[in-house]
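Below are structures written as structure tokens.
Paired with subunit B in one complex and with subunit C in the other, subunit A is shared by the two complexes that follow.
Up next is the complex of A and B:
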């Protein structure tokens, strides 16, 4: 290989990769700020500096944190319940054909339905408080975790199971020590999709029916033309969503030490 | 009685109304400490036979006795080695080798010591903390061999263990297996389609017919042990090779006809 080709093939350093990823957001931010200052944009495109100031103000007053806290409770509450059910039932369906057959029609039928449509029904059952919103988030998170866990468990290399049984491992040990770790990459992929859905559905619920939370903040700010407030809430959602996703990726790297080798940067 | 006694074994594969006789009244006995190779054309049922012996596939007739007891389901008295290694990617090399002993409930110190002993036997002590993804194909199969040897089965069942390796690595692995066998003297049933591999390694070569699989021929390999690599150049070896190939040739042609 020539020296030039080698240079081209050399992987980017970590700092350079980060810098490369920041180019587009920073450029957009600068263009936005400049056009807002020149006054060439409509009023709902508030300048980033104003958004930043409002966010800061609301953080200092504790108002933003109050809304964030209720939203987090709803999103993470539903995430925990939906994720746990999805993984447990998905893995079970993945190793037991009859269980898969049992769930398949109902899951396939209801999967494409936007879960937000059941909010009014759930409000009738559970009241307009947190419970109905947590229930909708639970439903939304259940599907991707169920489906990914199902295919994760189903796709486990037959020889992994054979070789464990060859050594005398019983069904419980095969499940805990072979199926579970072998399916883990896909289970985690399901959890990652579920996390994004949890935040999306949480905001949708709060926009439709709520007196608190970031979704409620967005809708009331829009109604009163306080676009700076609206953006502050959006920024808060983006930040907690991003932080949650990074946390999951970090967990994934730790949990999949051996499986991730040679697949650096392949997170999904 | 021999360590392994297979009598009149039958296997039929059914798909809908179609039934295919995969193995037809197959009998074989293997003595303690004997290395038996099974060669046959592809699709002749030799791997199926090994899977039945491993307890992973049911059989439709006949008996299989290991040490006098009938084979029922998988168990650690038979150590399976697969072509695709089947190492656990989430476990380190030492974790993979020690796993069989973990299943058997051996205390940690004991299983680590045993795993290290077998890793040394296959020459991979330096890689004890590596993950399978960091190893080459030949190294992976050596780890898989150490893993099977570590739980000390009565018989090793090897299903084309070197079939996924490149030609040079395969030859080196054959030499290595020969050297290891010289030390451990395990009873081995070795399925392959490679005549050279079978003659070089085995005390006895069993030739399978094309489907339905049954014994066509049995050839005792009298090559002196320990066998060095250059035994493959001897006239005696070439005579065995011709003998096995003459027997196998018709079956390979028959198997090819069937696929046309």
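Up next is the complex of A and C:
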């Protein structure tokens, strides 16, 4: 074995990895804080300590939670509708050829189109309230969940289906006991991409046209030069995006317990 | 010949079907004609906007921004992903940034970017770069890490130098995953360019669409939507074509934005 190969074989200890991982964020934070205190940076770079204090204050007063609740309702409402439709249609298309043939040209034509383009038109239809935003999130979430469910159901090993049938399982049983479990990892992968998209689209919609929500808070805070408020909203968005993703990963670990897939730490 | 026509009809019939439903809804007035203009009106609006050059002008600006941010993200993302997969130091330094930052919607930082890079193209390009960087880096990283060790050992055994192993084994092995990352990032680049143009800009397709619908010219707005659709579809097809040429051995495999 060469020296290079030996070096490759020895992994870093966990503690050293964690310490190294903290280097860049901490260095950035300290540099940011120091330069903001000395006043060497433009005013839009508020010191992290001030951001923290404002976030804390707004949490205590309940104002941050109010906007967060509105945003969550929109993102998760659209996510639930779009995800449910995407999974149902995707699985159906995966097991029934005519259904797949119907969706294939429409989905492949519209998949690469950013769904956000229809927002101004939807606002004209549904008003500037929650409905138009939920509709855009629904459309955005539908595609990744549909495509992943379709490939998941199509990729099921034929042999398993045949053996289940051979042993006397009816179509419903085959679906519930063979196809669904086998497609599950891919379905969950689609749900994960969909969740990230739901939050992006939610923020985008609220920034573009809204009277409430975290995206709206960012824009109004920016307009009134309350930069600490703007960062508090950004922090809240980062936290719900991150927490939602971790929750989904945890669910995936539970749902796939016993399957050799869904390794922890796999990114989006 | 006849069978080829039949096959094309069998494959594409849903598209005219959906368009026909649209036209019927619009003509019968089931949905207000102003909100859902007939296809003829939309086609006329596309024609008018092509004639006076509006559509091409705004499309060119949006496309330029998206392409600039996307290209930057490809260069930086592939380099970073490869470096993280090859060096433990890079891995330990950057992995947390990517695993924690991945699910965070970076679009929330747009106002900060406006202050840092101005209201023009630069802030949009930088935000597209940032949003696209994540899927591209992460997929390049997992692609490099996922290369079968046996292939590396076999190459080393046959006397390949580390350079040869990298260019002939590792990079081709990672290419399918890298392309999957590119396909995830492509629609993201379009989303970001459109939404940033809708928020604060006087040029680009995002502005064009939101301005037209704010002035109740829905046919014109749909013309803008159609332009975005054509751009998104064409770029995606180009990427699929390129991918099938570059990694021809994977041509049959599913090419979706993998997780």
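In the analysis below, the second predicted complex is superposed on the first by the 235 of 268 C-alpha atoms of A that agree within 3 Å, B and C clash if a C-alpha of one lies under 4 Å from a C-alpha of the other, contacts with A are read in each partner's own complex, and residues count from 1 in each chain.
Please note the rule applied: contacts are C-beta pairs under 8 Å (C-beta built on N, C-alpha and C of every residue); 3 or more make two chains touch, one makes a residue touch a chain.
Because the structure is predicted, anything quoted here is derived from the model rather than measured.
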item: First (subunit B), second (subunit C), both or neither touched by A:129; value: neither
item: Subunit B versus subunit C as contact partner of A:200, first or second or both or neither; value: second
item: Partner chain in contact with A:109 - subunit B first, subunit C second, else both or neither; value: second
item: Partner chain(s) touched by A:171 [first = subunit B, second = subunit C, both, neither]; value: neither
item: Touching partner for A:162 - first (subunit B), second (subunit C), both, neither; value: first
item: Partner chain in contact with A:16 - subunit B first, subunit C second, else both or neither; value: second
item: Most subunit A residues touched (candidates subunit B, subunit C); value: C
item: Contacts on subunit A seen with subunit B and repeated with subunit C across the two complexes; value: none
item: Interfacial residue positions of subunit C with respect to subunit A in the complex; value: 10-12, 14-15, 18, 35, 88-89, 92-100, 102-105, 107-112, 114-116, 131, 134-135, 138, 142, 162, 184, 186-188, 190-191, 194-195, 198-199, 205-206, 209-210, 212-214, 216, 218, 221-222, 224-225, 228-229, 232-233, 235-236, 254, 256-259
item: Complex interface listing, subunit A residues touching subunit C; value: 4, 11-12, 16-17, 20-25, 42, 44, 101-106, 109-121, 123-125, 144, 147-148, 151, 155, 189-190, 192-193, 195-196, 199-204, 207-208, 214-215, 218-219, 222, 230, 233-234, 237-238, 241-242, 244-246, 265-268
item: Residues of subunit B that touch subunit A when the two form their complex; value: 54-56, 73-76, 78-80, 82, 84, 86, 88-92, 99-100, 103-104, 131-134, 151
item: Of subunit A, residues touching subunit B in the complex; value: 157, 159-160, 162-169, 173, 177-178, 181-182, 184, 256-259, 261-262
